[in-house]
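Chain IDs A, B, C and D follow the sequence of writing; residue 1 opens each chain.
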């Protein structure tokens, strides 16, 4: 049997652990073919055979040894045809797609066309429905918390407000949990908009009492006043979001203008994605990989692996991509206890 | 209302997050009294009032600001009486005990005597039943994995076998997951004894192929041959376990003798307990603390908080202490895929 | 004897180690008075007595327990008078100023007015002349190198160019050494401008061969073409520098436009200043503090402590502030060996 | 020209940076031959050609890609002959030996026999004379300080004395500086023996005042009483030193017996050697490598590279191995200020 595996979308700590998990748990008569740069590798026919030696120790490395891209092979008829030709040419019996929404949607579509496909969910944002966690998320939260820990001393020494921007376009998980872990004094996430005035109320209360403040803000947060602002090219991107670094700078400016306090902004951006995964993410990636191979051996296709409590389970591919898992109000409310 | 809180047993990263969670989520009319050094504080009447200012930023610190001890107030009639007197004297309406088996057993007994008690489970070993994780565990696994990562380069450069000993008297969780995360080539845990000959088979296979090896061993592991050895004072402690550092040195010696390979042993011991908790453990501790306070406000006593998937729930105090959660065979088998 | 100590300018890991070093090495009959928020504390008369207990364990913390500011007491006659009144009022026999150029210039001026003053140099940029290193610098380099390490995996997985901006207005030390340590493929510092075309030559060579690239750029670097550009308010600050984040975004845009490669920018900014100092910086700060106190006891005033090889020495205050220590060409040339 | 390079003795973070520095700075017409496992590679003729691609990114890895051993080719006439034959067979014009005393002594002897040899000093103990620092040392101090930081919380929470053992047979540098950086309350190094009674005086003073204590002890420290104890096979090794782990356990036992305090011992051992080097050590290793190649190109043989202040210089090979650099009394006295 020949199994093609690929990683698509943004890179994420733990991808290599999944790859190693698949390769190491493959029975002897199963060949694993790594498809390079996501679905692109299948379209252009770029691949490499993966053996035990190729994956020795890779679970400790960030990124993905297979490379990644955002190529969608269903974008053009031409690409779809090439993909199907290459599946045949490479003799692939099964395809395991490791990736986010886009990657899994392609896998689901292939599955509905009769191909044997398995999905492994990947999102550093932790917003895949029907799984407790995805790998990479805990690493991002740790890196973010670490960075915020580090900013406390500067904010305190200078009596400043530091606004730190983390990832999260629609789901605020990374920002919320990194902020909670590192004791941010206000956390702003896309799910729960606030008006500038509400924000300033928190700012004044904190500054009066303690004289310094850390605000964690997700890139996708917009103050209520700006919710319907669309179109300022220089600040708003094609999705109607304030651009990377935009919201932190925006908040720093408006708070400084309105209160006179000394503010600074820091944008963590890509720092959260990279580097060696935490133990949790290495193990979760490994278990996902091993479980994906088990599904293959049981002939249980069209499914996605997922974490429920301490167990790895599988669910229909469609379920994972159906809805985004946003931060529930209850959980956000809990974080508010520590806004001060 | 006055609530007494205490931390008992071995220290664990995340204890301070629990304390902060309780204090910060307490309504204004609720006073929190910190009892010093576990149950001992209640026996000798040593306590301090805890306010918001006392817990500012402490969730980032290892250890416990309340101190800890292994004192069991039911050990003597005299101590029990003093404890009950102090509960009255301090005017405590509720007691929240944060600790392991021993601490929770005392809380359960107090509860059965009619006192209002809540338990928060604490074990770095992750062996409390009916909760997915306890705080401190992920930190220990990360510190352990980090240490093993670091040993790889020495083992490889010198062509050596390094045997690294981690915590785990009866449950091998820390050793198993740190070993899996860091790519140990053989993992030995109490739940699944192996004979020396089986171990040597792994050693020879690995050394022939790669020329170096990392073995992770739990302090409570005993080779099958030694299972019934009891009584050698110098090596076996009162519980019939090989002493701290004992099994690593034992394995290093016997492997070296029987194979001629160059071996070294490293005992991580207390390094795994200390220091700043990971984001996961800070958040879990925080959520436990907040939930314990919610139970108090709902009047839901005699219960222990627990994690199920992404939710904090509560279960009867007795359930948590009823049985140890050991590593299931399925999970151990998964780790074996990577023994090579 | 009463000694006033203060920390001025930007915060820096190791400041607390200096404070602890001074306090712990003070003889019993010497009182240490901490002046709050740099010279401002002396102008407004805000101070606190510092005892052994106040400095217990603080050398591990980032920032400064005394707070800091950029107040210059010689800016107005009024402030100067108040400062001199407060020196008298507080009964200060000696003043130890811990800070950069500005702070030390004030100390030197006080010294020339007849006050007993000692300086301890502080700059995260490592650009103080006549000292091998200043504390905080190694920490910043480590944090920077760590961040760049982490960006490698993302750049590689996506086949991208990541431009990472580090501190350094006039001196490129932090950028150069963090870049060298983390294997950046091109390093751009203020001391050695390059034309855009030269930069693009490096970019093309690297991308052709390896398909991804990390460029480390100091905030104060300007491509040769922009050297005389002054005045674009939105991008150039009062000193004629491209604003924070400016040069990284600028480079990302121009490289992307001119080569078509996928680029991203990351600005480390304040992340480099904060957090717990490395062992080297804790020790250097400690030794500086102890040596400053020795100078006081020997009556050797008007001097600044400095590091020469493994020894702490002292030099006249004026020498330290006389000239900036820039990256010498020889050293920059060495880094070029690894540009590929 | 063909240059043979090798790494000998204990592994050390930064070795790979030296190797990369040599390979990357070699002119095009110079071939670099890596000799495997120290001098052993030259005796048995095991080698590999090293190109730019082989050293890409290795400066970040601990250990040595060339492997290491303690083989001394002058131990037998037979080995010496084989070594000389292999030098001829491999066509080596120059040999660069990277290692400690033993490795450099061989290089010096080869040099005196007329071979062109260069030495790069390596010792994690920092005890090479005539160089300010050697690579690997700062990494070991950081890892040690980090570990001790982590032990503080446990010691404090339990009211315990923790004795932590670090490297240092004859020179106490690692122990002294890690202990100073992490705020150990007593530091014991081989250069300055103390009697048990003196130690107990420190213990009692500290415990009375603070109730917990961290003692850092070098493996080579012996209480004055034991200085002339030789021969107890189980505890004293061939060099008359207490065995690894011996002194920490010994101190823990004797302090517990004599004072009744709860004590624990932790042995850091090999943890200090491994893992990714700090930025300082990566750069120092790189500069050593580049400078060694410069010496080759200048024809300046029989020399060892060294660090003086911020400069890399070279000295005759014999000077480096002539004497050990021990901790001077002045420096030890400074550390005593913080014993409390």
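The criterion applied here is as follows: contacts are C-beta pairs under 8 Å (C-beta built on N, C-alpha and C of every residue); 3 or more make two chains touch, one makes a residue touch a chain.
Predicted model, so just to flag it, every value in this text is computed and none were measured.
From subunit A, how many touching-chain steps at minimum until you land on subunit D?
2
Averaging each chain's C-alpha atoms to get its centre, pick out the one most distant from subunit B.
Relative to subunit B, the chain whose C-alpha centre sits farthest away is C.
Could you report, rounded to a multiple of 5°, the rotation needed to superpose subunit B's C-alpha atoms on subunit C?
Roughly 180 degrees of rotation.
Please work out the Cα centroid separation of subunit B and subunit C, and write it as a whole number of Å.
42
Using the average of all C-alpha atoms in each chain as its centre, how far is it in Å between subunit A and subunit C?
34
Once you find the CA centre of subunit A and the CA centre of subunit B, what distance in Å lies between them?
30
What residues in subunit C touch two or more of the other chains?
Within subunit C, residues 149, 152 contact more than one other chain.
Examine which chains touch each other and state the graph shape they make (line, ring, star, complete, other).
Graph shape, chains as nodes and touching pairs as edges: a ring.
Considering every pair of chains, which are in touch?
A-B, A-C, B-D, C-D
Quick check on the complex: what are the subunit B residues that touch subunit A?
Spelled out, the residues of subunit B in touch with subunit A are 24-25, 52, 57, 59-60, 132-133, 138, 141-142, 144-145, 149, 152, 177-178, 180-183, 276, 278-280, 282-283, 286-287, 290, 308-310, 334, 337-338, 340.
Write out the stretch or stretches of subunit C touching subunit A in their complex.
Residues 7, 10-11, 13, 15, 37, 61-64, 67-69, 143, 147, 149-154, 156-159, 162, 245, 264, 266-267, 269-271, 273-275 of subunit C touch subunit A in their complex.
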